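Dropping the structures in below, format is structure tokens.
What follows is a pair of complexes built around chain A, which joins chain B in one and chain C in the other.
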Partner chain A sequence: MKTGLAASLEAVTRVRGVRGAMVVSSEEGLVVAEASMEGIDGAAVAALMAGVVVRLSRAIEAAGRMRPAFVHLQAERGALLAVPAAGDLLVVAVTDADVNVGLVRLELRRAAEQLA
Partner chain B sequence: MSNNEDIRVLTTQLAADPSSLVFLPLGEALRRRGQLEAAQKVAVAGLTRYPDLADAHDLLARVLGDQGDLERAFDEWDIALRLDPGHAGAHKGIGFLYFVAGELPQALEHLAAAQAADPGAEGVAAAVARVREALAAREAPAAAPPPAPTPEAMIAATESAIAELPELPAEADDAIFAGLEGARDGLLLLDGNGLRLGGGLTSPSGAAVGDAVAAHLAGVFKDASRAVRLLELGAWKSIAAESGDANFFLSAPTSESLLLLVRDNSVPIGRLAWQADRAASAARAWLERPA
Partner chain C sequence: MRVIEPWVGAPLEKFLAESSARLVLLTTSSGQVVAQHGFTRALDVMSSAALGAAIMASTQELGRLTASGASRAVSHPGQTRGLFLSAFDLPQGRWIGLVVYDRDSSLGLVQLFFGRLVQELKAAAPQVAPARDVLAADFEDELNASLRSLFGR
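And now, the complex of A and B:
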């Protein structure tokens, strides 16, 4: 299981433009597993991205809609992408601005399936 | 050849070559026959293959107009004009919608453009003349003007593709997002503290949820700003979220405001981004208006 998850995270980081990937506990904002996160404060990213997704999920639930299956935060020089997984886990990627979002989403979903 | 035969032949041709442009006359034939759902499917399928074809957006706009969805019809004609600024059909359609909304100068501008693009188009010259008469009547009410043309007369004069003329939805009058799709349901403008400034949102069950949603979004705004600052990614530009029944798009029209756009999940995120861009422009204009 652990090996499969690690392999899935590595598959995410093999997409051109992905700087790192991690599994985050959205309840606590803690890193569960990570790959290729050199130069990135994983703990802080985990806490903040978990906060973004949890608050956004609450807003979406308040709108009477289903919880998000994919979240894409786009910034000027990069992006944060997240796919919720089983339990309260999130699979998160930190990317460059011009990354192939569709491909990253596909790999994030595959990694999330490993957590099911 | 009868309309039925047209449809049969065109359907056969499209089945034989799904990439052909025959979806355009087929969609139009279905629309004229009143098979609006089928016409819409044909138009949407065509747009999937040819997203940059102005004629395809024009076709979908006419179908939407027939269905009474004037806001989306406007959007489609607007896209057609972005792709082809001289598109006669799109100018005619938008001119008609402006006329219905009582915006006569804009109606005249677009109908005149339609006439210039296609001088032989039957009915357009008469439509231009009628709008000019209406404008003159508005400017000189004491001169016993002729009665303003009814929307139905306008349809007849222009041989408009829009067969019926429903009233504009009430949300078209919204102060901030006037004229935009979802001006009062599906667009929210809030300040950095999560207080709703304008627009609105209803749940699928019909409950007003704008204020509750806005309150949650203030935290999103702050966390997103901190996350990108920490990673030195520059300012955040947008947050898109896909759920099982809706797509969401958040952006910041100004440094102190947040815009949320919600559509059902059949509307792709790319289109949401485009709609959000238009709504953000409207929001900035509203926020920066003179006191």
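And now, the complex of A and C:
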């Protein structure tokens, strides 16, 4: 039987075009849990994505706004999507370029809520 | 940044730029300093090198005693600064890297780019010269020369 965290990540990876999902400690840049990350260097994605989100958060906070609720990094052949969760956690998805971003965001938010 | 071995310079400079580490110390497993960045006092370098070598030796022995395997890395996340300590093998022997990072970086970033630094050092490392006897006089001369290289005086 899957734990709640693993089940939440699997719900994210069931969306067509999602290549993998993970929970990341944003302060340390380390993988907490991951699902379907075949062919992806999860440790590298976790470290770099956490670094990007932490810096983005500082920039947004310095501009007088709240912390980001959703981060979408769009690249030529895919995207990285992240939603902050409780504590210093992030739920991250690695996707193909033609993924349904809205649906992935919904599943990422559900996963983040389960971490609260 | 100061280096004793010139071929260490480029990979270490790249590591510093990518990881945003505050302090870096590369030593041999016996604590002899090979390169340093961010330290301002020779005493701090020598103490850190000796402590780093002792910690790695202790954790490796602890790993052996508990049958959990030899420890290759130790990390200590502090309130404002974190410390990462890792041993790696080169043709020159086992070296130790000590990295101190703050909130501009993270343990994950330091681990990621330290792994790449080790790969680049392995690729850049020259063939090892045959071992020669070390005389006490040579040792002191070499120690003084190393300190001059590391602190420019």
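The rule is short, and it goes like this: the second predicted complex is superposed on the first by the 114 of 116 C-alpha atoms of A that agree within 3 Å, B and C clash if a C-alpha of one lies under 4 Å from a C-alpha of the other, contacts with A are read in each partner's own complex, and residues count from 1 in each chain.
The rule is short, and it goes like this: a residue touches a chain if its C-beta (ideal position, glycine included) is under 8 Å from a C-beta of that chain, and two chains touch if they have at least 3 such contacts.
A quick note: this is a predicted structure, and the numbers were derived from the prediction, not measured.
Student: After superposition on the shared chain, which partner residues are touched by A:21: those of chain B (first), chain C (second), both, or neither?
Tutor: It touches nothing on chain B or chain C.
Student: Where does A:80 make contact in the superposed view: on chain B (first), on chain C (second), on both, or on neither?
Tutor: first
Student: Of the partners chain B and chain C, which touch A:48 in the superposed model: first, second, both, neither?
Tutor: It touches chain B and chain C both.
Student: Answer with first, second, both or neither: which of chain B and chain C does A:94 touch in the superposed model?
Tutor: first
Student: Determine, under the contact definition given at the top, whether A:64 touches first (chain B), second (chain C), both, or neither.
Tutor: Only chain B; A:64 stays clear of chain C.
Student: Count the residues of chain A touched by chain B and by chain C, then name the partner with the higher count.
Tutor: It is B that touches the greater number of chain A residues.
Student: If we overlay the two complexes on their shared chain A, which of chain B and chain C does A:30 touch? Say first, second, both or neither.
Tutor: second
Student: Take the contacts of chain A with chain B and those with chain C, and give the residues found in both.
Tutor: Comparing the two interfaces on chain A, one with chain B and one with chain C, the shared residues are 44, 48, 51.
Student: Quick check: in the complex, which residue numbers of chain A touch chain C?
Tutor: 24-25, 27-30, 43-44, 46-48, 50-51, 54
Student: Would you pull the chain C residues touching chain A in the complex into a rising list?
Tutor: Counting only chain C, the residues touching chain A are 77, 105-109, 111-112.
Student: Under the touch definition given earlier, write down the residues of chain A that touch chain B in their complex.
Tutor: These residues of chain A touch chain B: 40-41, 44-45, 48-49, 51-52, 55-56, 58-60, 62-80, 94, 97.
Student: So in the complex, which bits of chain B are touching chain A?
Tutor: 201, 203-205, 207, 209, 212-213, 215-217, 219-220, 223-224, 226-228, 230-246, 248, 250, 260, 262, 269
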